Amino acid sequence: MTDEREMGGPIRVGVLGARGRMGAEVCKAVDAAADTTLVAAVDQGDELAAVADAGAQVVVDFTTPGVVMDNLRWCIEQGIHAVVGTTGFTEQRLDQVRDWLAGKPGVGVVIAPNFGIGAVLMMQFAARAARHFESVEIIEQHHPRKLDAPSGTATHTARLIAAARAEAGLGPVPDATADEVAGARGADIDGVRVHAVRATGLVAHQEVLFGTTGETLTIRHDSYDRVSFMPGVLVAVRAVGNRPGLTVGLDPLLD
Amino acid sequence: MTDEREMGGPIRVGVLGARGRMGAEVCKAVDAAADTTLVAAVDQGDELAAVADAGAQVVVDFTTPGVVMDNLRWCIEQGIHAVVGTTGFTEQRLDQVRDWLAGKPGVGVVIAPNFGIGAVLMMQFAARAARHFESVEIIEQHHPRKLDAPSGTATHTARLIAAARAEAGLGPVPDATADEVAGARGADIDGVRVHAVRATGLVAHQEVLFGTTGETLTIRHDSYDRVSFMPGVLVAVRAVGNRPGLTVGLDPLLD
Amino acid sequence: MTDEREMGGPIRVGVLGARGRMGAEVCKAVDAAADTTLVAAVDQGDELAAVADAGAQVVVDFTTPGVVMDNLRWCIEQGIHAVVGTTGFTEQRLDQVRDWLAGKPGVGVVIAPNFGIGAVLMMQFAARAARHFESVEIIEQHHPRKLDAPSGTATHTARLIAAARAEAGLGPVPDATADEVAGARGADIDGVRVHAVRATGLVAHQEVLFGTTGETLTIRHDSYDRVSFMPGVLVAVRAVGNRPGLTVGLDPLLD
Amino acid sequence: MTDEREMGGPIRVGVLGARGRMGAEVCKAVDAAADTTLVAAVDQGDELAAVADAGAQVVVDFTTPGVVMDNLRWCIEQGIHAVVGTTGFTEQRLDQVRDWLAGKPGVGVVIAPNFGIGAVLMMQFAARAARHFESVEIIEQHHPRKLDAPSGTATHTARLIAAARAEAGLGPVPDATADEVAGARGADIDGVRVHAVRATGLVAHQEVLFGTTGETLTIRHDSYDRVSFMPGVLVAVRAVGNRPGLTVGLDPLLD
């Protein structure tokens, strides 16, 4: 594969799962950005070969757990970098991808469970702030059709915070509650209280509140739309060519 | 009692419980306001008569449940209006006060559990908004030394909202939660979810979140200090002379 | 027109401007609600008569200033109630509508510049709170494609607050600013400071902040979507049959 | 100086300016913390020697620009570490302190304009987030007795953000405003819009709002009290013994 990027052209991108909800948004975003160009949009029933024929340098995969591994093996064999938003990656699957990449040293793969830059930074900042505040709670707010409470992002944030507190030698969060109506103090996730609010009109929001003597620090993320993932996908598309091997999560690309 | 107010002078105020935390603040506030003047500051061991001798038109009582009823009977007998922040008023006690007042038609008494204008308006607006939104939740936030969760104000707000929803014929708040870590969805107060956040640095805060298709309305109250009750006490001091009989709560004085 | 509603059926609604952005949403909302049914969807080139033929009891008009007056005259003549979201109503136009209605005593017309229940309540509550707080400022937040700053809603809210303050005899908001970088303190609308924030990702948000000694009260409205107007349109559709004559604004329907 | 800390005892602290507003709070905080002990409280008229006599390992200086340089020279000569909150440090003064320290390699000095951990982290996170979002605005909120608008912290934050944007090659923040009431869009600090809200009841608050397609990230700091600086002072007291030379700002101690 000629590195056309170094030659100054836009990055040539192929999208797998191009007719899915997310894939369709990726096609639009790749099209709209000045430094990327959409060269192939592939979905169920289409030939993967179309991607190679079109000279794609990077593939973005928003397909399904059932087909993503075959897609990845093929991309790596072809020397095409991959950015993957498809879910279902176990440690075993990640190891398999690492194996494949070991045989193709120049190729990069970014697999991320969450391409929202705001959400990723919120978690990063929360983990960094955690050891400086004796108190911390999480309030996440979503539309009422959501099945789980708290959200996966809130649970993950709580665990990052709990780990940072443990590492810093912080004891339990102070709490004199003696008389509680069941549930008022939220769910206990590794010692961090998490509150899940559900209301019509909301989309996806999360607030991490830190407190110490006389002051609080709040980190809040509001996501209004699934297009909020697109800037993160583009960050990965731009970076993957310079990151041989496997990168898990958007985090390392934002530093 | 001569109505010196009509004669243009400031309202003459006596404070009972003047050396207590709240009473001391009332003394300062009455002193600082242009249209009120502190004429007597009485506490345990002092004679109530000092208040009448000083020509007080209005008494503010922040004492204790054990002495407040005797204070009130005496004030009403003397024809002195009273503004009462002391706690512990049962329906039975209120009826007793109404009885005493029946015999003194010109005298007014205001008894309020909460003199925070912001808190009272928050509850008033919440009750008014309730029937226009299919979703509603309450998030209250306090310092971690607080013993009860949720706060009395949050519980009271939830009940007002529940009553307004019932009156408007609204059904249950929509909530598809199927998989909940215990407590995540908060306490259930008459069908309204209430979340209690506790963190060092916080004072006393409450947010009522209403949601309907595509929009939310949030009413938030932040109290930073016990001096936040003083504007409400002054509202009552100014109004009580024109409200013969018993007034319960600050609400009717704010309309 | 037989009052089918009293006979227990859903309200029969015709939509004018049915293929426009807002009209299309109204069609969907009327269709989805249990107590309303869409009987006619009319746009440019269609015959108004279709609305009468379909037995519409209420017409919703989201058309243009150029045609709305003709539509209204026709509806009133036919004895069909009207809910109007079309803009451009001057005092002169409103008087004309009142004239037409005078000849048809049973017919109701609701004309509202804003059908967002949340926005209307925000303004209502702000006007009610205004005289109880010495400080008040407005922060509105919108997407960066917006041309005017501050928004029409923020300007209108500021005027309502200023009028309420004047009526209550409140003086100017306290402000010791002596050293200001131009613009830092916002726009001055009748003595109320208004700040306009613009950022990608935002939709339409407004916060009214009231402050007095030791406490603040915040009323915040977040609109995520133009569907946020639909609950307000339905409130008007349900109410207009019982409000003969002209009603301006959603306000009186929410009390 | 024997390192008593390594021997397991609490850090021995002397306070200069001990009767000042901030100094008095430092004395209380040092006294209250388990791992620090107050051994000398010195103010105008007292002998500095008392600090050495008491075996202080660390001095905290909240005095005045007129005396702080003499205090520092003396501490460094004595081999006592210093944590300085006194204002007025020019580059010239900092160079002088570096000179003195060059002759005493084991001694550490921390000079910080702001000991609020929350404020320092807010600025740090804002600088880190800046290059990932096309939009950013700052809203600071203070009591109405404040003379400058925007606050020094807001101006400093805006400059950090502007520098980060420039480094990342970001262009101007998008803004289509064509029709502005003067001041609505805030002050322009290096291309970042800053809004200063003033209201009775507020203490000191700042919000940094970042926006990109479909999402926003907000970092908010609320300071309720000057005691909010104490945790930061203690962080510096604990760290200064292990940081020979000059450290400017709390930032490097929080990483």
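We just call them A, B, C and D in the order they show up, numbering each chain from 1.
Keep this in mind: a residue touches a chain if its C-beta (ideal position, glycine included) is under 8 Å from a C-beta of that chain, and two chains touch if they have at least 3 such contacts.
None of these values were measured; they are calculated from a predicted model.
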- Query: Among the other chains, which touch chain C and chain D together?
  - Reply: A, B
- If you take the mean of the Cα atoms for each chain, which one ends up farthest from chain B? A
- So which has more C-beta pairs touching, B-C or B-D? B-C
- Message: Please tell me the distance, in whole Å, between the geometric centres of chain A and chain B computed from their C-alpha atoms.
- Response: 47
- Task: Just give me the whole-number Å value for how far the CA centre of chain B lies from that of chain C.
- Result: 34
- Inter-centroid spacing, chain D versus chain B (mean Cα positions, whole Å): 39
- Message: Counting only residues that touch at least two other chains, what does the list for chain A look like?
- Response: 133, 201, 210, 212-216, 222, 224, 228
- Query: Touching chain C in the complex: which residues of chain B?
  - Reply: 116-119, 121-122, 125, 128-129, 132-133, 210, 212-231, 235, 254
- Query: Inside the complex, what are the residues of chain A that reach chain B?
  - Reply: 133-137, 139, 141, 144-150, 155, 173-189, 193-202, 209-216
- Query: Across the complex, what residues on chain A touch chain C?
  - Reply: 201, 203, 222, 224, 228
